[in-house]
Amino acid sequence: MEFPRRTKISSHTINILPRYAETDKGGVIHHSVFSIWFEMGRTELLRANGVAYKDLEAAGVFFVVAQLNIKFRRPVQYDEQLLLDTTCSAVSAAKVEHVYKLTRCSDSVILAEGASVLACVNEKGKVRRMPEFMYPEHE
Amino acid sequence: MEFPRRTKISSHTINILPRYAETDKGGVIHHSVFSIWFEMGRTELLRANGVAYKDLEAAGVFFVVAQLNIKFRRPVQYDEQLLLDTTCSAVSAAKVEHVYKLTRCSDSVILAEGASVLACVNEKGKVRRMPEFMYPEHE
Amino acid sequence: MEFPRRTKISSHTINILPRYAETDKGGVIHHSVFSIWFEMGRTELLRANGVAYKDLEAAGVFFVVAQLNIKFRRPVQYDEQLLLDTTCSAVSAAKVEHVYKLTRCSDSVILAEGASVLACVNEKGKVRRMPEFMYPEHE
Amino acid sequence: MEFPRRTKISSHTINILPRYAETDKGGVIHHSVFSIWFEMGRTELLRANGVAYKDLEAAGVFFVVAQLNIKFRRPVQYDEQLLLDTTCSAVSAAKVEHVYKLTRCSDSVILAEGASVLACVNEKGKVRRMPEFMYPEHE
């Protein structure tokens, strides 16, 4: 597997349609689901840069979530069209940071915001250096 | 890891308290959760026989679900005490079968019933012979 | 909310991309996830017929899963493109039946098959008559 | 439903045994699961104070997560005994704050820490005053 030299795209947007199984008896999406969507956002940002996360894992590079912060601004309804913006906000030898913004398509209202810090580990879970291509091109 | 010679206990009951995150906007437990509970039932039946499933996996023995049937008789409410009976109903070189009965503690009403067939595979996912100890003692 | 007179489309196919959170330590998709995908298949089959399930619920029509059967033929890998065919196979005053076929896009191999029976209930969970439009046009 | 006058217990510990379905292909518990455990911690802290959350909801009092922060210190393994400490750290008319500490039973190592802010809303999702009993006794 060959990886790109540098990351060219720092921000990416995906569509999300909340599933019935993701709701709870409060009638809206359960708060644990947002972190799953954020992970999907990271995966697609990576893919937009030419890297499939499964290929990274196959090459012995694993990203593990070290920190996660979420602000839930408004309830998210079942089956309403959403946009999730994922931006890589910082990269260092030890960690990569992302910020997230979840908006409702119909009126662009922000429903949630988040931030995460990921560490890079090998197949044994030991911290390893960030792969070179994770750094943005113009740094 | 040493495993027992034979399985002595064919049936085991566990307590389950449905979680908020397991509900859906219909107000009750989502139907996908039952298969997670059945898996917990199998794990505890195995443990009652002296085997931790994680030790099995560490020894290269994996059980994969090949077939699953569930009859949902009544809705299951959030935070109501449940009993799950898990019974190993058949064992062969190729597969192990279980049946499940989920009842409400308060009135012993049956809420769901199920059955599963599991195959035994190695760490590469190839079918392998059922470990000897999975057979019941009096067979 | 106005619903169509009759169902015109009995079969519908959706794309599925398995999420990282849907995997388990066995390295493949956890078997509980398939029922969530089947539910998505039903939702999109309904939508292809001009009905959003959320509008049905808003009108006091709820579908609850009464029976579910799944045959897991092959393991499903993280991030591999899948197709899910959902077919409405029978409708009566009391219940609606669907069958499912999950295939891998790359080689059209069938990974899983399933069937479900759903009952129709009102907002209090009482069984009610199937809405007229759920019947196929040529019956 | 009658609720207690004041909250007497500010901290509570529960046992958690990670489920197989909660693991991911990285071999450990998926990070989205921690928020589900934290919710269980809050529920049992509330129950230790004589209040079942389902009774609160039945009385029109809903708690919604407004903010969530988690630090994942070490990977959590399948089927290892855990302790989750949940402490109510602040209560005001508008919100209630909790902090969480997840430790491994075998060696008391801290695996994760977290904090949450919850708002109190009515059945329509409108913010409402915190119920009187949520305030600690000696305030």
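As written, the chains take the letters A, B, C and D, and residue 1 is the first residue of each chain.
The working rule: contacts are C-beta pairs under 8 Å (C-beta built on N, C-alpha and C of every residue); 3 or more make two chains touch, one makes a residue touch a chain.
All of these numbers come straight from a predicted model, not from anything done at the bench.
With chains reduced to the mean position of their C-alpha atoms, the one farthest from chain C is D. Between the CA-based centres of chain A and chain B the separation comes to 34 Å, rounded to the whole angstrom.
Taking each chain's centre as the average of its CA atoms, chain A and chain D sit 25 Å apart. Taking the mean of the C-alpha atoms as each chain's centre, chain B and chain D sit 28 Å apart. Shared contact sites, meaning residues of chain A that touch two or more other chains, fall at 20-21, 25-26, 28, 32, 36, 39, 78.
Taken together, the touching pairs cover every possible pairing of the chains. Contacts from chain D toward chain A in the complex involve residues 25-26, 28, 31-33, 35-36, 39, 57, 62, 64-72, 75, 125. Per the touch definition, chain D reaches chain B in the complex via residues 19-21, 36, 39-40, 43, 52-54, 77-79. Those residues of chain D that touch chain C in the complex are listed here as 20-21, 23-28, 30, 32, 78.
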